[in-house]
Every structure is written in C-alpha cells, then in structure tokens.
Amino acid sequence: MEHIGFGALPYDFAHLLGGVMLLLSFTLLTQRRISATIATYAAQALTLAVAACWQGWVQNEPALYVTGAIAFVAKGVFIPLMLQRSLARLHLRGAREEAMGIFASMALGVALVVLSIMVVLPTTMQAGALTREDLALALSVVLLGLLMMITRRTAFTQVIGFMSLENGLILAAVGVAGMPLVVELSVAVLVLVGFVVFGAFLKRMDTHFHSLDTSVLDQVASENR
Amino acid sequence: MSGILLQGLMTVMAVLLLAIPLLSFRAPRLGFLAACVTCATGAVIDLVFLFQGAAPAVLTVPFGLAGQSTVLSIDGLSALFVLLVMLAGAMASLALRDDHGHPIATAPAVSLFIGAMLLCLLAADAFALVAGFELMSVASFILVVTNHRDHQVQEAGRLYIGMAVLSGLCLIAAVALLAPHGASFSAMRASPPTPGVAAIVLILAMVGPGSKAGLVPLHVWLPPAHAAAPAPVSALMSGAMTKVALYVLIRLLFDLVGPGIAPWWGLPLIALGIASAVLGALRANMEIDIKKVLACSTIENVGLVAIGLGVALAARGADLTALSSLAAGGALLHTLSHGGFKTLLFLASGSIQYGAGSRSLESLGGLIKRMPITAGVMILAAMSLAGLPPSAGFASEWTLFQSVIAAVRLGGLAWQVMSVVLAATLALATALAAAAAVRLVGVVLLGRPRSQGAAEAVEAGPPLRWAMLLSALGVGFVGLFPGVMLWFSDPAMSVIVHGTMLDRIGYLGFTATSDSAGYAPIFTLGLIAIVMAVIWAVLRAKAVPGHRAAPLWDCGFGDPPPWQPFGDPLAQYSGASFGQPLRRMLGTTLLAAREKVDLPLPGDTRPASIVVTLNDPAEAWLLEPIGRLRAIISGMADRVHFMTVRQALTLMVALLVGLLLFIATVEQL
Amino acid sequence: MTPGWFNPVLLVPGIPLAGALLAAMVQDSRFGAAVAIIAAAGGFAAACMLPSELGSTLFLLIDPASAHLSMLTAFVGLTTAIYSRRYIAHELVLGRLDERRVRRYHVLLLSFLGFMLLTLLSNNLGIAWVALEAATISAVLGVGLPRTANAIEASWKFFIICGVGIAMALFGTVVLYLAALPALGPGYGAMTWTELAHAAPQIRSTLLNLAFVFLLVGYGTKAALVPLHSWMPDAHAEGPTPISAVLSGSVLNVALLLILRLRGLMAANSMAIDPGPPIMALGLLSVLFATFSLWGKRDVKRFFAFSSIEQSGLAAFAIGLGTTGAIFAALLHMTLHTLAKSAVYQAVGRAAHRKGGQHFSQITGLIASDPALGITLAAAVIAVAGLPPFGLFASEVLIISETLRTLPWLTPLLTLGLLVGGWKLMSQLVTLCLGPPTEAKGPAAGWLTMMPAWLHLAIIAVLGFAMPVAVANWLVAAARVMPS
Amino acid sequence: MNALSGLLAWLLHMALMLASAPLLIGLARKAKARMVGREGPPLIQPWRDIARLLRKQPVVADSTSWLFRAAPMVGLAATIAAAALVPSFALGMASSQAADMLVLAGLLGLARAVLALAAMDTGTSFGGIGASREMTFAVVAEPALLLVVFTLALLAGTTNLDTISNLIVSGVLGLRISMAMALVAACLVAIAECGRVPVDNPATHLELTMVHEAMVLEYSGRHLAMIELAAALRLLVWVSLILVIFAPLGIAPRSEQGGALIALLWARGVVVWAVKVILVGLILAAFETTRAKLRVFRVPELLGAALLLGLLAAILLFVSQGFAAELVTGGGG
C-alpha cells in the first residue's frame, strides 16, 4: 500500500474519526442521564461504522464495508432503540445515576490515554503511522470503556461501557492493514455483546431484585460459603 | 549374594504394598497373618544380609518418577532399620485387632504402612525416599483415624496429617537441594553441597524428618495421634515410624550431605535432643492416658537418640573417630532397644484397653492379678523405660552417657561446659523416665482396681499374648547382649561415621574406650541371681516359712463400702497425685501447669475439686501464633470474595494497567 | 497431516458439535443424554487418532501438547457425559431443572466440549478466540441453567468478567497481528501460531509486549489466575456439578495451553520482555491466595473451586519457570489435576444428591453412611492434596525441585502455599468422610457408579509412579515444542 | 594380683560389708542417743531386730500381689550387688572389672524402684506418698550423682570405680578444688539416697514427713528384715563409696606379689577402713542430732544445691590449669 502519513487525507480523516470516538468515550464517562448515555453510545457506534467504511475504502478491503454495515445496523440503530424501549418500560427514561465526579473521571481517563500512548509510542514507524496512531486511540477507547464499567453502578451503564469497549476493539481491528477474519471477529464480538445485553435483561426479568444495582446481587454469592 | 537378598526384600516390599492390601479388603485376618509372615521373611532375609557382612547392593527398577527408573539399595544402615521395622511390623500385625477384638476397619492400610516404611529404607534416590516417606504418612493417617466417629480422633487426625504434610514438603525440599546433578544417592554423594546449602538442608531435616520423629518443638502431633490410633498401630508408629524418620535424618545429615561438615553441626541436634528428652519425660509424668504417657516417653527417647547422633556428628566433624563411633553406637543401640520396648509397651496398652476397657490411669489398677502376662511383660519393658540394669534401656543409656563424658574432647571450654550440661540433662531425663515408669506400673498394674472394668479385667487373647511374649524375648535379648546388637549395627556405623566399635565389643559386653573397663549385663544379672539364691537359701534355713494374709493395715484402713466391692479408689494414690510433686517442682515452669482448687466453705455440701491444666510450650509459643496468623491472612483473602462485579473488574483493570505501566517503564529504560 | 479444508482432525471438535445440533433438534431429554454420551465417545475416539496426525495446516495445529490436551479434554468430556446422565436425571427429580433445561443441558455440554477442542486444535488465533468465546457462552448458559437467583447471579458474574477477559484477548490478538505484520505481511500468516513461531525473532517487540499483556490478562481470566479468578468460585458453587467438572478440567487447560504458546513466542523474541516473571507472579499469587482462601468455606464445591485455582496457579507458575523440565511438570500436573478434580466433582455431586445439600455441615461421615462414596471421595481428595499413591505428588515434587534449581528463593513461598492447601484439604477430608454420618435424603451410590472416578484415580496413580516410557517421551516432546 | 586372691578379697569384702552394715546403724543410733544424753540401744541392736523379725511370720495384706512379696528380696539383692562392686579395704577385687559407677547407680536405682513399686502395690495412700516422694527426690539426686561421676570420669578417663580410686591412691591427680565440691555434692546425694536427716527421718512415723518408712509401712516379718538390712547396707555402700573415692588412704593397692604381704596389706586396709567408717558414723550422728528435718518440698532445693555443686566441680575442672588443653590435645578418643 502507498505511503500514508501526516497531511495525507486518508490519515487525517481516520485520525479524526478516532479522535471523535475517543471524545465520545469521554462523554460516556461523564454522562449521567441514562438515556443520554445510550444516545452517546449510538453516536460512537455510528462513528465506528464510518471509520470502518473509510478504512475499507483506504485499504480497498470490501470486507470492512460489511463490518461498517454491521456496526451501523446493530450497534448504531438496533441496540440503542431496544435499550431506550426497555428504559421506557422500566420507567427509567429520566433516570440519572451518580457517576464519578466529572473532574475525577476525566483525570483518570486522561491518565489512561497518556498511558496507552506511552505504551504504543515506542513502536517503530515503518509499518505506517496510520495503524500506530489508530492503535493508540483504540487502546484509549478500550481503557475508557473499562473505566466506565468500573465507575458506573447500574447494569445498563455497565453494559454500555462494555459495548463502547468493544467499539474500541473493532476500531483497532479495522485500523490494522489487511487483517483477515475481521468480519468473523466482529460478528463474534457482536454475538458476545448481544449476549451481554440479553443477560442484563434476563437478570432484570428473572431476579426479584428491584433495582439493577449489581452490588445488591453480588451479596448472594457470598451467602453460601 | 547381597543383590539376591535385596531382590528378596524388594519382593517383600511389593507384596506388602500391593498384594496384601487387596487381600485385606476381603479377608482382614488372613491379611494380618500374611503381613506377619511376610515381615518375618523380610526380617530373616535382612538377618542373612547382616551376617553376610552387609556388603552394599544396588538395584534399579524400571518405574518411578514420570518415566524415570528408581534405584533401590541396601547397606548396613538401612539393613539395621529394616530389621527393626520388619520385627515390629511382624509383632504388630500379629497382634492387630482393634480394642474389641475385631480386625480394624482400615486393615489394608496396615501392610501399606509397613511396606511404605520399607520403601523409605530401601530407597536410593530422592523420589523413592520422599515417596516412601509420604506414603508412610498417608497410610499411618488412615490408621490413626480408624475410630473416626470419636471427635478427638478426628482432631488428632487433622493435626497429624497437617504435620505430615509439613514434614513431607521439607523433606522434598531437602533432597531436591541435595540433588542438583541427578537424583540418585550416588550422584548426591558425588556432588556434596556448599556449606550454605548444607546448613539449609540441616534446618529442613530438623523440621521435616525431625517433626516426624517427634523432636521438640514439632512433637505436638505425637501424643494425640498415638492415643487415637489402635494400640498395635501406635506400636508401629512409635516403634518403627519414628525410627524410620530418624533413619532419614541420619541418611541426610551423615551420608548425603557429604564428609565436609563442621563440628557445630551436632549442636542443633543436641539442643533439640535435650529439649525433647526433658520435656517428653516430664510430660510422661503428667499425662493420664496410658498411650499418651507412652507417646511422651517416645518423645523423650527420640531426644536421647538425637543427643547421641548430635555428639556423633560433632565428633565426626572433629575427626574423633572413636568418640563418634561410640556416640553413634549409643544412638543406634538406643534406637533398637526403644523400638523394642516401646512396641512392647504399646501392645500391652492395647491388651489393657481390651481387657480392662479403659486406658485412663484413673480407672485402672491391680491388673497384675488378672492379667499376669501383660503385667509381666509390661514390668520388663518398664525397666527399660526407667533405664534400670540389666535392661535394654540401661545398656543404651550407659553407652550414651559414656559418649557424653567423652564429648569434652570435642573442643574448648564451650564444648566442655556443653557436655557437662548434657550429662546433667541426660541424667535428669533418665530419672524422670524412671519416675514415669514407676508411676505407670504402680498405678496401672499394682494396688487396687479403680473401676469395675479393672476389677473384672481379662487377659488378652492368644495372638496378642504371643506378640507380647515374642517382643519381650527380643527386648530381653537386646538387654542381655548389647554387644551383639552393637555388632549388628557396626556396618551402619561404618556407613555414617566411618568408624567401628569392633575393638570394644565382646559377646557378653562392651567397653566405652578400648582400654577402660566396660559393661557386661550378664555379669550384673548373674551377680543379682547368685545373691538372690543365697538369700533364698539363708531364709530357708533361718526364717519362718510362708506368710499370713490379712486385710490392709495402713494406720487403720477402712473397709471398702458395699457398693465398691473392689475398695474405694479415692483411698489410694492416683496417677495425678503421684505426679504432683514433680508437677510443682518442674511442671509449673516447663509445662505451665496450673492447679485450680475449689474448696467449699465449712457446711457447704458440694465436693471439693482440683483441676490441673497443662500447656505444652510448643503449642503456646509456636502453633497457636501461627494459627492466628493464618486466620488473619485467610480473613484478608476472604474479603476479596465479597466483592461486587464492579470491584472484581476493578481488580482486573488494576492488573491490566499495572502490567501496561510495567512494560512501559521497561521499554523506556 | 493432509492440508486442505477438510481433514479427519476436524472430526475431533466436529462430532461433539454435530451431537449438540442433533440434541438441540430432537425434543427428548433421554435421547439427548444418549447422544451426549455417543458424541463424546466419538470425540474421544477421534482425539485418540491425533498422535498419528501430528502436523499443522493454515487453521489446525496438532503438536504433541495440543493433541495430548485434546485427548484429555475429550476423555474428561466422555466420563462427564456418562456421569451426568444419572446426575441430571436426578436433578430433574429434584425439580431444580425442568425437561426443557435438561435438553438444553446436554446441548450446552456438547457444544462446550466441541468448542474447547476446537480452541485446542486451531492454529489460527482468530479462530481460537472465536471458539473460546463460544465455549465461554455455552459454559455461562450451563451455569445459569438452574433457575435460582444465585445461579443467575453466578452466571452473570462469570459472563461479565470472562466477557471482558475475552475482549482483552481479542485486542491482544489484533495487536499481535499488528506486531507480526512487518515480519509476515498481511494475511493469515500473522495470525497463525506456527508462522508466528517461525518469525518470532523479527516480530516487533514493543507491540509484542502490548499483545502479551492483553493476551495474558484475557486468557489468564479463563485460567482463573488471581486476581482474575472471581468468576470461578461462584460458577462452581452454583452451576450443575458436571459443568464444574469440565470447567475445572478443560477450560483451565485450554487457557494454560494458550499462555504456554504465548510464552514460547515471547521467549523466542530477544527484544521482548521476559514473559516468565509476570506469569510466575500470577501463578504464585494464585497458589498463595487460593490456599489461604480454602479456610472458612461452607460450600463444598466452592471449596474445591479454590483448590482448582491453586492447581491452575501452580501449573502457571511452572510454565513461567519455562525450563523443559518445568513445562513437562506443568503438563503432567494439568493432566493429573484435570483427572483428579473431575473425580472429586463426580463424588461430590453424588454426595450432594445423597445428603441433599452441598454444605460441609450437610455432608459428613460419608464413609460411615455409604463407604463406596466416602472412600472414593477420600481417595480423590488425597490425590488432589498431592499425596501418594497418586500422581500429583510426583508433579509437585518435579515443580518444587525445578524451582529450587532455577529460582530457589521462590521455593519457600511455593511450599508455604502447598502446605496450607494440603493441610486444609486433608482436614476437610476428615470433615467430609469421617465422623458420625448425617442423615441421607437421596439415592445411595454404590461402587459401580464410582467406576469412572476410580478409572481416573487409577490413571493418576499409574501416570505418577509407573508412567509408561512412551507416555513420558510423548510428554517430553510436548514440553520441548513449547519453549522453542 | 591373681584371680584367686582377688576372689578371696571379694568374699572377705562381702562378709565385712554385710556384717558391719547393721552395726553402723547401731553405732549411729547409740551415738545420737549419747549426744542427747540417753543410754541408747546396744550396738548389736539392729542385728537383734533382724533376727527377731526373721523369727516372725510375715503378715501380708490380701490386696497385694506377688510383687509385694518379691520386692524385698530383689531390693536386698540389688543392694548387695551394689555393695559387691564398691571396694572397701582393697582394690583389684574380682569384681573390679565390673565396678562401673553407672552400673552402681543403676543397681541402687533398681532397689529404689522396686521398693517404690511395692509401696504402690499396697494400694494405700501412704505407700503412694512414699513412692511418689522417693522418685521425686531421685529426679534431682540422679543428676547430682552423675555429675560427680562425670567429674571423676574426667579425671580418670573412665567410670570404673576401681581404676578411679587406684589413680587417686597413686596420687597422680593431686588435690583439686573440684574434688572438694564433688565430695560435698556426693555427701548430700548420699544423705538423700539413704533417707537420713534432714531429708528423711528413719526414726519417725509421722505421716506427712516420712518417705522411706511410708513405703515399708505394710511390711513385717522376714520381708521387713530384708528391707532393714538393705537400708543399712545402702548406708554403708554410700559411706564406703565416698571413702574409696575421696579418702582412699590406707586401702590395699593392686599389687602383683601374693602371700603374706598381701595378707598384711589387707589387714591394714580392713583396720583403716573400719576406723574411717566409725568416724563417718560419729560425724553422721553429730550432724543428725544438730539438724532438723526439712519440709518435703524443700528437699529438692537441697539436692538442687548438690546438683549445682557437681556442675561447679566439673566446670572448675575444666578451667583448672592446663586440663582443658591437655584434654583437647589428648583428642582422638
């Protein structure tokens, strides 16, 4: 593939999309209203779809278009709608939850981003700056997703954190030149996500706990020892 | 020739390990008989080996640690212990029956136990040694928990197996340290360890085989385990297993560590030996359960052996061959005699529990009238326990004391003072053991019965009777012909101290140093016999014959109340009261013995009571703190399990971030 | 091995998966049980062919290690399938499962087994990852089968934690591909174990390190290494016992095999960090933490879950040591522990049915009430505690001596862990098997039903003390392959 | 000296010991009586008592066993055997090869243990008290005794009594401060072992204080006679033991020439020994008349003092000039 570097459009645009995803991750991190969180996630997924398609065009890998389509349909549209519906059913639409303070979560997030850049930076350049920068961004998204999972309380938001984490994964996958099995992998991850979401609902329906606060549930585990 | 004998012993081992357990599942009594016969065969083979001059033999068997072959061998040292184990095994399996005369439920473990000990003795590479050792532990654990419905038995089992795991791990570490270039003993000897490694091996040997042998401070498992196990099993454990542990100790410290060791190597053994001897003998005067008394005296005797070994090791380090061989001879002789008389005593305790239905000193007494054979052999063994001439115990303790006297040659003033203190403590331990022996015999066998069961006691059945008589025969032989025993153990001495006592051994007796006078039990016994004959003749001539029976006087002894046809047990000294002076003298300081007297006021009708509590220092200062520490750590670990999913994920992320930081820093460097 | 898409090796995971499909389609639980046994047997038979099929294609890698572990997994799957026929039937009687769930159970067992085997045999990291994820999902569903709040909770925890772990593993896979890209160029090569092993020295070290971290965390979660273990105890305590048996058995092995391959890769690259210390640290931490956690547990299956964590940590530690001897010991230990632990769970499951509960307070005095069960359980626990006459003793001796040879100063910690664990295991053996029995509520278990467990124990004893030379060479070859 | 004369000396020695043991008791009693101004029994009285007891048929409690009846003979035999090992007037007797101090201690211990068992056999509280106290005292006395043995063995290089005293007679050892300490220790041990004041009072039958007498409370007739004789003999054994070690002057040495000279030496030895024994008896009487009996639980302290003295003796031996060095250089066993 031809040399791509700073100033070249493909690189800049990919980089821009990655930056947007990262930004959305930060938003997710600090967003308090659940419905707004879902919306933000949808936005991130859509960005991912665009990024995938862009990469598909850049590396002229038709497979990546499929990935983008999956991201768009499933994660950008279907899952968010479903989540919103269930929120409505649970009368949680306007619900807000106590996330970490904005500054604290931001600070942690920035620290994680710095860490991921630190880790990726020493990589030698010749593989094309594209992948390297993308990798840094994807890693940051992943770490931020994790951070969200551990800072949020309710199952919903944890699920959303997991899904944004998974967005980071796909971002990394599509960013890598000529990675085979991308579609298969993304489908598989999607299945995983689907199961997570499904599991959240399952739990909501089957357990007679009134809140989704998982810390309540967890005490069950320590009951029978 | 030796090779053939070794193959024979290996066959015996295989039969004990594989065939007889299966047989015992179906037909326990037959299994015991087979085990007895097999052990006897092994003993005969071993005797032939010893008479052949104990030329070492090596044998390689094609299986063992994953895919490798195993080396078995026999030399003078192992042969001596094989003899002891085989004889004890034969006696125990002949006597084997639980306390109600039925074969015990854990019958298959018995021959497994004996076979494992044999494997441990014949092993000539690291894996076989540790495998035999651990198998011995497991089998004996199964036997200890035979009567598992009793809660105390369960506790004893827990403690026992825990200690066994500890000693096993230490032994594994020790031999692994010695075997960097090949696991066979020959390879270990070929590459002796550096002094530092050797010191670690010394510590590990103290903790591992040491605790198995019952050396202070890891002796706490011994009394409860021996009390829990069926009597013949206790006999095996005390008479054979502790000796096998001593064998492993000797093998490690005298043989495998190699020649280059300093005299101070003896000191740890000596120190632990002193502590074990005094503590064990003192506790033997305090315990109420017969088998606990015997177990404590085992601790004492193992301590004596350890003292002898320590002196031998130090002397070897200082190149005093004559002294080291004398000390080693004393240790080995005491191993043999103790193995004999302790087996006998435990068998007797089984016969008492079987016949009188109790093991508590407080509910026995007067058994000498109803159980003459048991009483006879027990008195004989108790003489050894008390170290009175011309018993086996006296012979070995005489040798040990001689070596302690000679130990002043080991070095400067420090060593000399050490040997003086050693002599004093040796004497103290012996005297304490004598008191314990008198207490045991006097309370259990003599006087008047303290319970209905004791009053109606019955003599043991033929198998147990024969087992006791045969062992008594053996003990008597050891006592009367210590020279022969030393001759047997001479090959062992040439293995461990590269010295010999042949220049000091006669058939009738032996001497400490080649030029001085010695000890000839036959002469002592003959003297006593002649004198008794003369006295008897004089009395026949001069005194009025016969005697008149009458009720006890005792400054006006009351008639026994009707509901106690065998007399009021409270009117005679009990085990506790016999030990009371010693408890006040030494127990309060060494064993933290406390008396709580509850004396009702005049007019108050409730009975007065005294409660005595003992607390073994090893438990108070070692086990309990460790247990508390363990509990604290477990508590901390437990907190992790109350974590929510979020906290668990937090841990995950923390680990991830930590690793990322790690590689980041590594790469920046 | 013949290259190409179809080859007989595919039968190994194929048969169980096909069985799963069949069982899913047919609406009869008894039939499902039969299918499960037959399919597992077929899988095992096919796995037995593997040693003669050594080699690798683009997607399949059959080296001694993977072949060995596949046979092991298939064997445990077979015995578990046989065992779970009666077990699940009784669960039905107890009403903890209904007809539908029973059918689902067999499907899940088979698919879990099939995907495990696929993971073991796949040469391609992507496929391995997908298979592992599928296996995880089926395991999660299996754990969630009993519709109790605890079971749901356990499966949820299991799922979330393993899901995140899996995600980490995927990220690691991507990064690894990226790292190998310059050396191998775009395409499957950069995702293939064998190619990676060849090109290891040229792989970009920094990215390799990054990939190592993520893969270690990901697969370490599956291997239940502390602090990634928290899903394990609940999953064991709440799920059906046969599931626990295969969880303790195969999942740990699969994850450890992947970690082992990864370690080989890292070791082959001179620029990359030394993979040993992190792996050893996790392993040692697991051993110590798990053994100290053994205390104060009331639930039998939870208790044994912690012992599984300990054993997995021990194997990981040995892998971290990295000498051929250590890896040999690790493989031996994994093998024996799998067999021993599934024997334990078979006995524990029966005991739980017999006594109507899985708390230590409910299961006591087994030997007195029903000897066959009690003696089997006692033997299995002795085996797990690493005492003769069973083989884990041998592997532990090997590991300890290897440690003393390479990193002597770590031995005290290791032996401390083993001491604490062995002590507690044996003392809980006293609790379970000895003493006056509690009253029995369920069906008795005779010697016959214990035969699978005894088969395991016999194999353990033989492998430990009289291992056939062929097997030994086989394991040595497996150990040699890895450190490359 | 040749075996025959050795045997002769030995027999003479035995006769001497047996005959004079009760007389020593009698002497002590007489002297004590005189010192407090009484007439006191004749010297021969103990012998008379023994003869009288022999004429009485023993009364045996029906609750006792054969051990009770056998004990006195075994005890006496053990004591006589001990007496046979301790040289009185001549060295190199037939028993000299077996005259090992550890064996001696062992034989005395045997006698003690047998008597204690017999006391337990009566099943009375008095028997128990006596036995328990006797064994307890022994626990402290044994180490003290063995430390004395230790000291001597260090000096002589052997525990053989005959050799030791031969060395001391030949004067190669010279006088040592540690010998004095060992002497005091030995005397204290002897007092305890023989149950004399202040450890025990042979004349009292007050329950709470008696030790030895409590053990033999149930005995009568010939049994009691044997016990009395054994007790007397034990005292003499201890006396001559101390004499032969610490004051061996005048004892007939080992010598090769036979005949008249030997007889002369023996005669001198007998006379000197008799004089020494009488002196010791008088000293003992004086000591006992001026001392009161200790409380039972104070006795261990007394013996503990003996123990410490023995310890001191041995250690002083080391620090005394050149000895340590000489031992070390003389290494090789």
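As written, the chains take the letters A, B, C and D, and residue 1 is the first residue of each chain.
Just so it is clear, a contact is a pair of C-beta atoms (placed from the backbone, for glycine too) under 8 Å apart; a residue touches a chain by one contact, two chains touch by 3 or more.
It should be emphasised that the depicted structure is a prediction, and the values quoted were computed from it without experimental measurement.
Student: If every chain is reduced to the average of its C-alpha atoms, which one ends up farthest from subunit A?
Tutor: With centres defined by C-alpha atoms, farthest from subunit A sits D.
Student: I'd like to verify one number: the distance from the centre of subunit A to the centre of subunit B, where each centre is the average of its C-alpha atoms, in whole angstrom.
Tutor: 69
Student: Roughly how many whole angstrom separate the Cα centroids of subunit A and subunit D?
Tutor: Using C-alpha averages as centres, the distance is 100 Å.
Student: Can you work out the whole-Å distance between the CA centroids of subunit B and subunit D?
Tutor: Roughly 35 Å, centre to centre.
Student: From the C-alpha centre of subunit B to that of subunit C, how far is it in Å?
Tutor: Between these chains, centre-to-centre, one finds 43 Å.
Student: I need the residues of subunit B touching at least two other chains; which ones are they?
Tutor: 641, 643, 645, 649, 652, 656, 660, 663, 667
Student: Considering subunit A alone, which of its residues make contact with at least two other chains?
Tutor: Touching at least two other chains: 119, 122, 146, 149, 158, 214, 218, 221, 225.
Student: Two or more other chains in contact with one residue: find those residues in subunit C.
Tutor: Each of 156-157, 160, 164, 206, 210, 233, 296 in subunit C touches at least two other chains.
Student: Dump the list of chain pairs that touch, please.
Tutor: Result for touching pairs of chains: A-B, A-C, B-C, B-D.
Student: Can you check the complex and tell me which residues of subunit C touch subunit A?
Tutor: By the definition above, subunit C touches subunit A via 124, 126-127, 129-130, 133-134, 137, 140, 147, 149-150, 152-157, 159-160, 163-164, 166-167, 170-171, 174-175, 177-178, 181-182, 185-188, 191, 204, 206-207, 210, 233-234, 237, 296-299, 302, 359.
Student: Which of the residues in subunit A come into contact with subunit B in the complex?
Tutor: 112, 115-116, 118-119, 122, 143, 146-147, 149-150, 152-153, 158, 214-215, 218-219, 221-222, 225
Student: Which bits of subunit C are touching subunit B when the two form their complex?
Tutor: 156-157, 160-161, 164-165, 168, 206, 209-210, 212-214, 216-217, 221, 227-228, 230-231, 233, 273, 278, 289, 292-293, 295-296, 328, 332, 365, 367-368, 382, 385, 387-389, 393-398, 400-401, 404-405, 408, 411, 415, 418-420, 422-423, 426-427, 430-431, 434-436, 463-469, 471-473, 475-476
Student: Given the complex with subunit C, which residues does subunit A contribute to the contact?
Tutor: Within the complex, subunit A touches subunit C at residues 119-120, 122-124, 126-127, 131, 135, 138-139, 142, 146, 149, 158, 162, 165-166, 168-169, 172-173, 176-181, 184-185, 188-189, 191-192, 195-196, 199, 202-203, 206-209, 214, 217-218, 220-221, 223-225.
Student: So in the complex, the part of subunit B that touches subunit C is made up of which residues?
Tutor: 63-68, 126-127, 130-131, 134-135, 137-138, 141, 145, 148-149, 151, 154, 157-158, 161-162, 165-166, 168-170, 172-173, 176-177, 179-180, 630-631, 633-635, 637-638, 640-641, 643, 645, 648-649, 651-652, 654-656, 659-660, 662-663, 666-667
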